[in-house]
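In the two complexes that follow, chain A is the common piece, with chain B as its partner first and chain C second.
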Partner chain A sequence: MKKGYKVTTEDSILQSLTRTGTAFYVFVFTLLVLTAEFLYAWYTQLTTGLIVTGMRSIYNAPNYMGPNVAVGSPWGIYITNFIFWIGISHAGIAISASVRLMDLKKYKVVARMAEVLTLVALPMAGLSIIFDQGRPDRIVNLLIYGRFQSPMLWDLTAITTYFIGTIVYLYLSLRGDIDELARKLPRRERFYKRLAMNYQGTETEKEKHNQTLWWLALAIVPIMVTVHSVVSFVFGLMIARGQWYSTIFAIYFVVGAIVSGVAAVYSLAWIFRWLYKWDSLITDEVLRGISWALRNVLIIYIYLWIAEELTTRYMGSSSDLRVSDYLWFGPYAPIFWTMAIVGFGIPALILLQPVFGKRHFNPALTFAASIILNVALWVKRFTIIVPSLLNPPLYQTGVYVPTLTEVSIMLGTFWLATLLYIAFIKLFPIIDLDVVKG
Partner chain B sequence: MVNSRTAAVLIVGFIILIAGLSLWVLGDQTSSLVPLPLASTGVPWAPLLWVCGIIVLLTSAFANILDPKHYLLWLVSLIVGYLVIFGIIVVITGYLIP
Partner chain C sequence: MKLTMVIDLSRCLGCWSCAVGCKLENNEPIGIWWNRILTNGGREPDTPSGSYPDVKMTYLPINCQHCDNAPCIKVCPVAALRKRNDGIVFLDWGRCIGCRYCLIACPYGIPAFNWSTPVQSPDSSQFQIGNPAVPVRPVGVSEKCTFCFQRVDVGNLTPKCIEVCPAGARFFGDLDDPNSQVSQLIQTKPTVRLREELGTEPSVYYVPPRNPTIKVQVSQT
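After this line comes the complex of A and B, so read on.
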């Protein structure tokens, strides 16, 4: 690592704040156009109602299509997106807290990328829930009349705690750098000075920051586990839905979230390394380390998945089996098997390659695997939610096809998240400046 | 080391949290576990008190490092910011929804 620091200075890290080319403006403009399209789609949904989506009641009133006719799924790609973003958000503090608690100095270089990912992903998860509501103007009722028995409220509590905890954690880890930026970028001096809030940079102060961050990291790890466990309870505590009552559901969700988050951090680290030529800072060793973690959690996730499928196929209840059949042999079979083979099988093979020696590690190929994995994990969440709702125990199988408006709104969270991330890297260094100081 | 200011913030946060939770739980008039927040609690705004308690507890990290003026600035920003998010959603969607 030390060898790399000679060629990669603080100025190299700061180029993400100062260097802005034509490609950047074209990219941001494209994102703004896409965001405008998303806002229009959301406006359409708000003014017209959820009828513009493909989401329907489980069954309709008898006088409409006859008695007991299943017509659709009340949850679709918005809730899928919610679980996806919650999963992505896991990486941030998980990686950053691990670096701090286990003293993994080598990975400090990716810690902030991960923290910002959490900060950006959590609001997108919250937005996805709001999109799913027919009357988001009543959301404040959660704070007035919310019931403590409801996992929805546990969700609100867990997400709020995680979000506020992340803001506090990120600010404290960033404060020293903000103070330094006030000196390095004179044009923005006033902004940074105010934000640094009388930071002195003394050894005592730095020590105090480190101690506080250590305790905060320790507190945040269980919060992180809670957030995704609670998301699984939103499903597990619903009434009469096949495949939602597995005892490993919470673990399954937490591990899935870690896979998703670690894959996202790998993708980001690779993109930044490629974009700013940070090869000597984000070394192959760092990327190999992240891919090692990704491989291990992926193996655990696949194991849990197989355990769940096997139990259902052999001894599952009739409603569990009905959903499983629907996925394995029914209309969702092409999605399910493509996800299993291309989405999980191929990335697993790519990630397993370094087991046969360091020279088998290919950063670019692993980047492709991390992207494929996140797409597959999005689809996996979709196959957890929709087939169970389409196969209610007492009614016929329904149909769910998301509309273009729905897809535009769902994709909007990705454009917004990218814009927010870009805004951050234009204001603050995405790598802790302490890393180059050694 | 945790200073007295941090300890005070932790205690205040904990009291708010417990107060919110107590009002929330004691005021509840239902006993069954249902999946949607349809019924209401007996004491309105108790969930908000609970959330504010969590925010105050988490800001104890700031209290350990920042001076009182900046600590209060952060605390107020976080609580007001949190409520403003809800406010914006309610106002804008309330205006657009027919």
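After this line comes the complex of A and C, so read on.
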């Protein structure tokens, strides 16, 4: 900001729309290059088949009669990524809906960041599922022959409902701001006028919007619980493998998703505050409030995790124990213990600090914790899926190593999500303009 | 009509004839076996467990169990897996979207996936090998044992694995008919089904091996 130029809070919010620096172009260019690399990897997979990934059937013997049992994992990092993105999407609109339902005015400042996160994350989850299909050209069969007895269809239904709900919710909460932008940014007036769809800004109109949003928020909260429960049912209802068939899965996944989502919202809020110097808008108090929620759900998650491990270790069935041994002492032990200690233990310690007094709250350190937590949760989903698949009863233990192509495609969702998010903040204010109007 | 298979494990030689016969009949590409013979024993194929001289080894030929309560049918999102009235579970690879949920849900690890365009050896585009009634699968779909329904449907033919078994270890027939060979066997011999505790109600019965221990004469010197 130039000196001597008086900045109002509203201008400060709109700076993401009006100012574009060199760093921005460099960042976007890098993302575009990475996206091109992802598109090439995806093209390779589409033309040659899933053989380019590290996934294999349970029994996938070569042409000779042996080795006895060549085992692979039929699902891998694509499904992990799917669960991860669903988890990220989770908190977004849920935080926003809770803010509205419980009238938490203080947190309204992060509500829109959260909503957009959901909107960006859900298509990435859908994309991850499409990557995983052997025949993406037949994906429309899900609509033609879809069977509601399959958990896969529950996913499809819950996610599309959630996505449509999110779009409507975001649009309605954004409409007043769009109308205002039409007046504020005359160069884009036509675009915003079209998008505002004849919004007048009268008191009755505002009242109607608020009412609709309240009811929509009420509907979205149960949907958000459903969405991640059905993701857990994809695994939790399967008797075939060790460590999956368990009642705890739905709760476990929902809580895990809330940890992931709240951590992501914290990361975003901190990044925006640092990027646009919004210390007065996103105050330490707001950040501490989010970290308080994050700490509490994290404690519940760790508790559920310990309960699950104890159930398995104490008297699990042989197939459960085989998977657990593989994780605790086998080839996955380095991943598992690093994830448990560095990925969950250290963030938990950081988040527990403010318990001993407000002055112990460190926004930057908590930001690091929120990033570590999301990485750890990605790995956690991986260790839920792959070890169980690599240890099929009746067969020997297999090996799964993701290929470079597979990793490129998986990472592609991250580049795309970042690009979409950037596109949004260049077109719309990321903080509700009502916040500064009081 | 309930088509059932009985496999007598004390007769099984572990010769893979059934697997090879199946592979030819059903045009299975390289890497995919609808029928496999697992060794119940050591870590390597055809090796016994235990330490010399107390060693133990049996074979476990395993193909689709054609469950009455099949997990793969339950989870298939597009109903590509269906059960016929005679009990055969088959996979419609013209409809399969390749999500591999059947591979995940099957407790027996049966369905196999075409990760790449199937390669036949010898090349089936030049020679007609196998049964022309079984179409070659496209890339990106699952496939599994069908109890050779192309053979069962045309007449009183049995699946190929029954026909080629040199030890006469495999039997096939209608369990609803009390005079059929399989009904007689199940009535007279003790039979088990794989992972029966899961409640999948498989249609493949195993007669347990009588004497899995290989007696080794040790000459004392």
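Everything below uses one rule, namely that the second predicted complex is superposed on the first by the 421 of 438 C-alpha atoms of A that agree within 3 Å, B and C clash if a C-alpha of one lies under 4 Å from a C-alpha of the other, contacts with A are read in each partner's own complex, and residues count from 1 in each chain.
Convention: contacts are C-beta pairs under 8 Å (C-beta built on N, C-alpha and C of every residue); 3 or more make two chains touch, one makes a residue touch a chain.
Model, not experiment: these values are computed from the prediction.
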| item | value |
| --- | --- |
| Partner chain in contact with A:I130 - chain B first, chain C second, else both or neither | first |
| Partner chain(s) touched by A:S57 [first = chain B, second = chain C, both, neither] | second |
| First, second, both or neither for A:I239, with chain B first and chain C second | both |
| Contacts of A:S150 with chain B and chain C, given as first, second, both or neither | both |
| Which of chain B and chain C A:L389 touches, first, second, both or neither | second |
| Partner chain in contact with A:Y301 - chain B first, chain C second, else both or neither | neither |
| Which of chain B and chain C A:L142 touches, first, second, both or neither | both |
| First (chain B), second (chain C), both or neither touched by A:Y276 | neither |
| Touching partner for A:F253 - first (chain B), second (chain C), both, neither | neither |
| Overlap of the chain B and chain C footprints on chain A, listed as residue numbers | 135-136, 138-139, 141-142, 144-147, 149-153, 156, 234, 238-239 |
| Interfacial residue positions of chain A with respect to chain C in the complex | 48-51, 53, 55-63, 65-69, 71, 74-75, 132-136, 138-139, 141-142, 144-147, 149-153, 156, 234, 238-241, 389, 392-396 |
| Parts of chain A lying in touch with chain B, wherever the complex brings them together | 43, 46-47, 130, 135-153, 156-157, 160-161, 164-165, 167-169, 171-172, 197-198, 205, 208-209, 211-213, 215-216, 234, 237-239 |
| Touching residues on chain C, where the partner in the complex is chain A | 16, 19, 30-33, 36, 38-39, 43-46, 60, 62, 71, 74-80, 95-101, 103-117, 121, 138-142, 194-195, 198-199 |
| Residue numbers on chain B that touch chain A, as the complex places them | 1, 21, 24-25, 28, 30, 32-41, 44-45, 47-48, 50-51, 54-55, 58-59, 61-62, 64-67, 70, 73-74, 78, 82, 86-87, 89-90, 93-94, 96-98 |
